[in-house]
Amino acid sequence: MDFSVINDNIEFLMLGLMRSFQLAFFTIILSLIIACFIAIGRVSSRRSIRYPSAIFVNLLRSNPLILIVFWFFFLVPLITGKTLPEFHTVLIAFVVFFAAYFAEIVRSGIQSVGSSQVKAALSTGLTYSQSMRLIVLPQALRNMLPALVTECVIVFQGTTIAYVIGMREFLHSTSLVAERTVRPVELYLFAAFVYLVICFAGTRLALFLEKK
Amino acid sequence: MNYEFDWPLLLEEPNWGWVIEGVANTIQLSLMAWGFALVLGVLIGAIRMSKSRLLRFIGTTYVEIFRNIPLLVQLFLWFFVFPLLLPDDLMRAWNRLDGVPFFTALIGLSLFTAARIAEQIRSGISSIPKGQFLAAYSTGLTEVQTFRHVIIPYAFRVMIPAIASEFLTIFKNSALTLTIGVAEVTGAAKTIEAYTFRGIEAYSAASLTYMLTTASVVIFMGWLEHALRIPGLIGKR
Amino acid sequence: MTLPLVQINNLSLRYGDFVALDDVSIDFMPGTCVVICGPSGSGKSSLLRCVNRLENFDKGDVIFDGQSLKAAQNISKIRSNIGMVFQHFELYPHLSVMNNITLAPRYVNGVNRDEAEAKAHKLLERVGILDQAKKYPNELSGGQQQRAAIARALALEPKLMLFDEPTSALDPEMISEVLQVMRDLARNGMTMLVVTHEMGFARDVADEVVFMDKGKVIERNESGGFFDNPQSDRAKEFIDRVLQKI
């Protein structure tokens, strides 16, 4: 084995890694925002809101991410009438897919705070929105933080799927160098190691937050 | 948007054959990998709770490595790297083997999922009150008997939903094996789309497969949980 | 001269920096009922768990019925001669009351099923819940669960019964039914070590009271003497406090 091949191509590989981080970052931010609305929809007392939210979540959660990516690559040009850059198309697919997962985390976070907390807050004279903002949400956030961090790790792992449609994220860059240099052993081991270090840090953080 | 649907297209050959082969491969691969992962996962889960520090370390290392490397990278490692690390004659034998992609996918999916199941076994067992162990030991049951008669039967019921959802995870994850050439259902849909440009029909067939399976597993598990429920336990503790 | 059933010699136990038991030596004679009391954290429950080695003690030894627990190879065999009752019952939720009771006799002592069930039948009758035999623990009231747990402990025909705050988790109206079962046991000559805050039980049923604080045995007296004429200030203070609470 000769790991100097990594060193020779480090710039190209790191460019790919940056792309992976970008995709994960925007996916997490955008899907989390959408997820909050869907989560509130899931606990709504109105059926006309609750049912569509539930269908959205269950539809996406029962399909593999890679199939969702294929769907969007077919549908986005069909609907918009033009071809978007692949990063944008992948991002849309990721945001829609992970919004469903984040929504379930946010929902269970909200539901983990008992209704007696709301009653107690109301009994001290706070308004409903005050008790939500000051009492329920801070507790919900703390309860769901470990699960959120774990899901962020899963998003980062999921960015490898962009390889399939040829986006130049880290795994794809790795495979390109592997083919060009005919050094697959070194390159894939290196990629595995990089993913391992990053995701291990993430899961440790989740564990730490859980124990706190 | 202007798109003309052509649903009967799915029933024409070779499309129909691809769909059927894809569904069959997806189900076969997921079921087999789930079985292996369950056995290995229980084993590693047990190792992680053993008294030996070395065994615990091995178990923890396994779990951390296999759950933190993305599945797709693991599949590539098994497909591209693993054969190259074999001695020459073994590598030749491996390459001559029929269905290398399927075997590779089976190994990759099983080992990845075993790490997740091991975690669930551990958290399932640590959710059991410590007093249950003390009570069993106080009546003279040995450690093995305690696990066999008290802890595992109870933990198993607690873990049914998690183990079922692992099956659904493996089922969806099996789609990734199209990258190493397994003709599973998402890959079949992609192939049909590539040949006919009928993406909606093709991907609907794949989505339907996943959704129907998910729905049947959820319904079956609901029934199983009901059948194995412990009287009086619901809504308590 | 009769020998003590339990002999505790220079027993010490720590949890990290916390000293749970500090060089405790005490023994208990067969056929007596002894109440162990003291403030929380005094080490009374730890002491109880050392008597069947559910805690691995650091120093000292426990001799049960002539056998050293420290040296014991087959601790399971010794444990089967010591029944234990827990604060939170710890019945096995996935087994019926009947199976909770017959599990240990069948698998520890190798008794066949019919025999174990016949025996369980008698025990359930004795604790007054024969009609609950087929039910599952969580379908029972707290008092019934604790009586089932006592029956489970008795099923191995133990020489000694350990009670670890058996009534602390019970609603007030269920305490007396459990105490009644314990009173009958004591009257029939069972050797019992009872950690409890039930001072009425200590005064009326127990032969002796042991008072512990900070991991040490402070005082030991026959039960009448302990309440009427406590020797140490700490015991005096403790009695005043618990009696006031009632």
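Think of it as A, B and C in the order they're written, each chain with its own count starting at 1.
We take it that a contact is a pair of C-beta atoms (placed from the backbone, for glycine too) under 8 Å apart; a residue touches a chain by one contact, two chains touch by 3 or more.
Being a predicted model, the structure only gives us computed values, none of them experimental.
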| item | value |
| --- | --- |
| Mutual neighbours - chains that touch subunit B and subunit C alike | none |
| Chain whose Cα centroid lies nearest the overall Cα centroid | B |
| Most widely separated chain from subunit B, with each centre as the mean of CA atoms | C |
| Gap in Å, rounded to a whole number, between the CA centres of subunit C and subunit B | 47 |
| Distance from the mean Cα position of subunit B to that of subunit A, given in whole angstrom | 21 |
| Centre distance in Å when subunit A and subunit C are each reduced to the mean of their C-alpha atoms | 53 |
| Residues within subunit C bordering two or more other chains | none |
| Partner subunit C, residues of subunit B touching it in the complex | 129, 131-132, 134-142, 145, 149-150, 153-154, 157, 230-233, 236-237 |
| Contacting residues of subunit C [partner subunit B, same complex] | 49, 52, 54, 76-84, 86, 88, 90-94, 103-104, 107-108, 135-140, 149, 152-153, 156, 162 |
| Residues on subunit A engaged by subunit B in the complex (per definition of touch) | 59, 62-67, 70-71, 74-75, 78-79, 153, 157-158, 160-161, 163-164, 171, 175, 178, 184-185, 188-189, 191-192, 195-196, 199-200, 203 |
| Of subunit B, residues touching subunit A in the complex | 1, 3, 64-65, 67-74, 76-77, 80-81, 84-85, 168, 172-176, 178-179, 186, 189-190, 193, 199-200, 203, 206-207, 210-211, 214-215 |
